[in-house]
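Residue numbering begins at 1 within each chain, and the chains themselves are lettered A, B, C, D and E in the order written.
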C-alpha cells in the first residue's frame, strides 16, 4: 500500500510569487491521478516536489504516514518518467533499465530477470542491446517507462511522457499505459496537457491554474460538472463556447437572452436549473457555456424535442471543416468564434447561413464575477 | 495566373533508390493542394524541387508554360514557409517581412506599404518592432506567412507549417490559413501529416507513399472513395479498422465471413456492391475495412435498419476511452486492435462484453494482393 | 553560376582566401621541408648532398633521437592527462552556480591568456632551488629544473597548467551540454554524487573529451617556447622533445636536413595518432 | 502554517500539532545546515584550487613590485616588503613598450579580423555548399594543424623577404590570415545552423555573400567572439615570426619587447617579470572582456569531430 | 665622437694587406652624405639602452651625414639565425653584432668585409685596440671583426662568508676550492660554489691549463677537423676535478647557462660563483649590501696550471653589401664606437671591457673604477693573460658548447663516468665538424 498525502503544499521560487499554493490532495493506493492545466500552472513543480527534486517551501508531504519533506529523492521510493525520456545516452537499453537496480546492489540474476520481464511487457526485448541514440521516439518512450517499472516503486511520476510522440504513436502508447496500470496496480501521478490523455487515462483529474487547484474529480464528472468557467473551458476539445446573456424570469421559467438585453435569441430553462438561477435578479448578466457537440440543426433539435425551448440562431458560416466523421462549422458570436459539430451530412458551405439550436439540458451558466458554475453539484 | 505542372518528376539521392518517382500533377491557379503521406515518402523532397532547393533528377517542371528545371530558386517566384518558420532572429519582424523586397530593391515607401498591409491582414501590426525571439509560436507562424505574402509570389509552398504549434493554436491557425487562401487567391502547395489539416484545408489532396503518388482527390472523396488500402488506412483519424474475411455467394447476395471460413459472423451485401464482388470466386479471402464511426450498438443499428444485414460481433472491451463527446472502445480482432466510436451514453467498462454492428453501406473491401479498393469509383 | 549539368564552381571561390594562405605559407614550405629531408644541407640550409632516406635511417638509429621520441611521448602523456585533469577538476568545481562563480571561472580560464615564454620566465623563478617560492613553501631543497628526474615533469606540468585554461572552457561547455534531467533521474533512481559523476558526467563529457584530447595532443606535441627557456632540452637531454630537437638542429647545429626529417616524422606521428583516435571514436564514443 | 493546524490527519493521531511543528522545524533546520555546509565546502574547494592555479600569476605580480635584492634571498618572500614601481618604470624607459603594445594590437587585431573573414568564408563553403572534393579539401585543411611551425618558418621568411615586405605590418599579418582551427570551429558551429534559414534566404533572392554578411554573421556572434578572443591571444603571444620579419622598433611587438628587457650577462629578473606582467594585462583584459563569448560560443556545437 | 677622418688617418699603422680576397671598395668619407646603414645587435636591457644612447649620439654628432639605424634582433642565437635567413635572400644589415663562437662561421660565410680591409684603407692605428681582445678575432694576421662587448669570466666570492670561515687566501683553482669547501660550508654556506654548467667555463678551464680545444692550432691555423681536449687530457682534468667538487657537495648542479649560479650567490647561499665581468653591476644590485662582494681571477683547474683566460662576448662584423658608401659609413660608425670616449661610456654602463686602451684615461672610466673597485680584477686578469690563449675557433661551436654542457650534466648526474663523458663529447663534436666540413666547402 502506498498513500501519498499533500497537505497545504506551497512552492515559492521568489519572495512574491507562488508557483504552487495550498495544494491539498490525498492520493490513494493504485490511483491514476492526472494533473492538467495551462502551461506554467505548477504541474511539473508539484510533481517534482513529490519526487524530491524541488524543495517544498511550505506544507507537508506524507508518504505512507511518513513526513517526507526533507527526504532525499533516492529515499522516497518514487520512479519518475521524464518528458524528454532522460535516458542515459552512454548506456544500452539494458543498462538503462538496470541502472536503478544496480545502484541498489540487487543480485545480477535478479536484475536480469526483472529487466527481461519488463522488456517483454513493453515489447522491447529485441532492443536491449541498442543505445538510446538508435531508437525511435516511441521506443525511447517505452525504455523510459521500462526503466521505471523494473523497480516496483511506491508510485510512478510521469511528466508529459507522451508529449514528444506523433499522434498515432501517442494513441498506441496511451492504450499501453492504461493496460500497464491495470497490470501493475501501482499508483501513478501523471502530468499532461493533452485532453485525450487526461480524459481517458486517469481515475481522477486535478485541474490547476496559476498554482491553485481548481477542481479534483473523475474525468466524466469533470466534463459534465465543471466547478467553474476555467475548468469548463479547459476540459474538452474542441473547447466549450462561451457568450454573455441576460437572465429574465417568466414565472417559474427562466429565460436567457443571448447578447443584448432585447435580443430575440432566447433559451428557456425549466425546473431545477431555472430554480438555481433564482439567485440572480432580473436582467443580471451571466456567462453561458455550450459545448460544440451540443449544438444542433433543426431536425435533430426537433428529434430531441427541444427545438421549442431554444433559439434558432441563424448564423453565417465563417469556416467549415470537414472532418470525415463529422463537420465543424464556425461562426462569429459576440466577437469570438463559436464552433458547432454537426453530422457529416450537413452541407452548408462557407458564407451560407444555418439555423442552430442549443440543447438546453447541456447548457452551463457561470457567474459573471466569480466565474463559478451555477449548476455545479458538490460531491458529484 | 500561375499554373504549375509536374511531369514525370523523379528524384534520386543515390543510384538505386528513388525518393520521388514519376510524380505527375497539374496544379491550377488558386488551388490549395495538400501533400500527405507517411514520414519519408517524399513530400518535402517534391516541395523542395518545386522551390528549386533540390535538383530535379528527371522529368519536367513547368511554371506558367516555362520549363523551370534549372532556374535558380530566387527566379522561380515561389515563396516558402518552413516548418520551423525560418525567421531571421537578428532582424525585427518588420525587417523579416521586408527582407525579400529589400533584396529586390523595391522602393522604401512601397515596401512599407506592403509590409503594413500584410501585417494588418495577419493582425500582427503591433509586433512589427519585436524580434522573433519575443514572439509566441502562433505569432511567429504569422510572421513567417507575412514574409511570404508581401511578395505576391506565384505560389506559396508550405512544409508542415503548423507542426510546431500546440493543438489549440493549430486549430486557430488552420482557420486563419483557410481565410487567407480565400482572400489572397494564390496557389498554395502544402505539406502536412496532420489529418485534420489535410481534410479541412485543401481543395485537393495528394497521397504519397514511398515516393509514388497513390491518389489525388478532393478531401471528402478521398475519405469516401479511397483508391486502395493504404489510402483508406491513412486518411481518417482514428483510422479505418481492417480484418480478413471470406467471400461467399448466396444468389445475388454476397456474404462476407469474418475471420475463419466457418465463422458465424457475417455481413450481407446487396445490389451493386454484391455485384462488384462477383469477380472473386467463392471462399476467396479479401480484406474488409470499416471506420470506427461506422460501428454501432444494437439500438442504433436497428434504428438505421441494418441490424439484420450485419454481424453482432460480441467482443470483450480491452480499453475504453471516454472522450467527452463520444466514447471509444477498443477490442481485439484477428490479432490487431479494432476501435469503435459510440455515443457517450454507452457505459460498457473494460472487461465487459458488447455486441457491435457494422454498417454494411460503409464497408470497404480490398483485394488481398493488389490492395485495391474493389468499390473504387474512378473519377468520382 | 549553375550550369545545365548542375555543376557549380562558386563554392571554390569561398575557399580561395584560406587556401591561398595555406598554399603559400604551409603547403609550399612543408613540401620544401620534405624535399630538404632527403638531403644533407649546408650551413645556410641549402640542399647539398642527396642522401635519400639517409636522414631518416640515421635518426631512427640514433639513441639521441630515440630518447627524444621517448621524452616526447612521456611529455605528451603528462601534459595531456595533467591538463585535462586540471581542466576537468576546475570545470566540475564551477559546474553548479554558487556565489563568486564568475571570479573563479575567470581564474581557471586565465592560463590560456599567457604566452608560454612569459609563463616559463615565471616558473623559472618559482622553481629556482634557492630563491624559488616552491621550495620555500614546500620546505624542500629540490633542484627541480636541473635534476633529470624532475625537469621533464616540471616542464610538462607548466604546459599542462597553460593548457588547463582552454580545457576548462571546453569542459565547461561540455558540462553545460549534459541534460540536467539525467541527473534528476539518477537521483530518483537512487544514485549518489560519485555514482553520478562516473556514470553520467564522465560519459556525458566523452564527445567533448575526445575533441579536447585530439586538440591537446596536437598542441602538446608542438610545445616549444617553455622548453627553450626553462631547460634547453636538458638536463641530460631529459626534456629534449622532438620540437626542441628540431629547433636545435635547424637553428643551431646547421643541420637543416635532419631537422626537416624530424619535422616530417613528427607530422606523421601526429597524423597517425589523430587518425587512430578518430577510428577509436567511431567505434567507442557513441553518444 | 496556521492552516495546517486546523487540519487533522486521522492516520497521524499519535502526534500532536506541537510535536508535528517541532519535528518540521527541526528537520528544516537540519536541511538548511546541510545545504550551507555544501555551499561552504564548494567555495572552500574553489578557493584552494584557484589559489594553486593562480599562484604563478600572483607570485609574478608580487615579484614585479620587489626590488631585486628582495627576490634574491633564501627567506620567505611571498609579498614585497618595500613595494616599488621602479621595475615598471624601468621597463617603460628601457624599451618603447607602449609602441610595442600598439603594434601588437594592430597585428593581433588585423589577424583576428582576417581570420574571421577567411575562416568564415571557408567554413561557409564547407558547411552550406556542395562541391567536388569537399571531403578531401577539408582533410587537407585539418592536416595543416599538424605541421610543426618550425618546419615552415624559415621558408616563409624567405618568401616574404623576396616580396620585399620585411619590417612592415602586412608581413606580420598575412601568413596568419587563416587558420585550420578557425575553419574547424566555424564549420562545427555552422553545422548546427538551421539550413532552412539559408534556403529561406535563397528563396528571398539573397546571394551567398549577402547571406553571410547579413544573416550568418549576426547569428554566429558567439562563435565569432570565441574565435576572436582565442585568435587575438594567440597572435598577441607570437614571438618567432615577428622577430624574424621585423627589424625596427616601429614594427616590433610586445613579446620581443619582453626579450629586450633581458640583457646578456646582467639580467634583472624583477625587471623582466614586471615586463611580463605588463604585457599579460592587455591579453587578460581581452580575455575577461570576451570570456562570456568564449564559454558560450566555443564548441557549443563542436561535439562531433 | 665626431673625429674627422683626417685625424683618424693620421695615426697610420703598419699592417698587412695581402690576405683578404674581398673586392669590397670603400668610398671616401666625403661621399657618404645621406647614407643610411643598419646595425643589428643583441643587446637588451641596460646594454641595449647604452647602445641606443651611443647610436643617437653618433647620428646627432657625425658631420658626414650618416644615419645609423640600430635594431635589436633578439638574443645572439636568434640574431645569427635571422642573419642566415636574411643573407640567403640578401636582405641583411650593414653591421652586425655576433657572439664569439660565431666567429668561425662568420669568417667563412663569404658575406663579410674584414675589418682589416677598412683599417688598411683608412690607415687606422690598430695599436689603439687592446691586444688581448683583438687577438681573438685575428686570424692570419687579419682582424676580421671589431671586438665590441668583451668580457672575461671572473670569480665572485662572499667576503663576509670567507671572513666567517677564517679564510684569507682566496682559492685560485677548483682544487683549492675543494680544500676550503668544508670550512665555508660549516661557516654557513649552503654550498661552497654555485658553479653553473656553462660551455664557456669549460672552454676557459681548458685555456687556463694552457691547452688547446681543437686541432690545427685551436682552429686558427686552418679550420679545425677535430677536437683536441680529449687527447691532451684537458677535459679529463676538468671533469675529474668538477666531479670531485660535486661529489663532496661543494658544487651542486645549479643548472645550465652562464647566469645559473648567480641567484644562489646573490641570495647568500653559495660562497663563490663564477660569472662574466659584465654581471658585476647586476650582482651588486641584487645583493644590495646584504654582504660584501669580492672578486678574484677565474680559477684554474689545479693551482699548478699555467694558462690564462680568453675573452667572450661579441664583436662587430661589417657585411658586404657591394656599396662603397655604406661600407665607409659603417667604418665611420665602428670607429666612433671604439673611440675612447664611447668605450669609457660603454664600460661604465655595461661592465664590458673598454676595447680601446686610451679609454682607461677617460674620466668616466676612472669614476666607474672608483665606484666598482672589483672591476679592477677583471682588467688585471685580462692583462695578465697572454694573447696566445685567445681561445679556439670552431665552425660548430654553438653545438659543441651545448654538447659539452649536456655531457657534463650527464656525468654529474652519475649516469656516465668521466672518461665516457670526455669520449662522448669528443666523438659527438668531431662528427659534427666532419659533417659540417663535408657539406660546406
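Assume a residue touches a chain if its C-beta (ideal position, glycine included) is under 8 Å from a C-beta of that chain, and two chains touch if they have at least 3 such contacts.
Not measured: the values here are computed from a predicted model.
Chain pairs D-E and A-D differ in how many C-beta pairs they share in contact, with the greater number at D-E. Put simply, the chain nearest the middle, going by average C-alpha positions, is D. Mean C-alpha positions place chain A and chain D at a centre distance of 51 Å. Rounded to a whole number, the gap between the C-alpha centres of chain B and chain C is 57 angstrom.
Centroids of chain C and chain E (each the mean of its C-alpha atoms) stand 38 Å apart. One finds 16 Å separating the Cα centroids of chain C and chain D. Multi-chain contact residues of chain C (touching two or more other chains): 45, 130-131, 287. Counting only residues that touch two or more partner chains, chain B has none.
Annotation for chain D: residues touching 2 or more other chains are 71-74, 154, 259. Residues 3, 5, 7-8, 22, 55, 58-60, 62, 65, 67, 69-70 of chain A are the ones that touch chain D when the two sit in their complex. For chain D in complex with chain E, the touching residues are 67-69, 71-74, 93-95, 154, 157-158, 161-162, 166, 243-244, 247-249, 252, 256, 259-268, 271.
Every residue of chain E that touches chain D in the complex is listed here, in rising order: 38, 40, 42-49, 69, 71-76, 78, 82, 85-86, 88-89, 91, 93, 151, 190, 258-259, 263, 266-269, 275-276, 278-282, 285-290, 350-351. Note for the complex: chain B touches chain A at residues 166-168, 171, 174-175, 178-179, 182, 193-196, 199-200, 219-220, 223, 235-238, 291-293, 318-325, 328, 330, 337, 341, 350. The touching residues of chain D, when paired with chain A in their complex, are 1, 3-4, 7, 9, 11-12, 20, 23-24, 27-28, 30-31.
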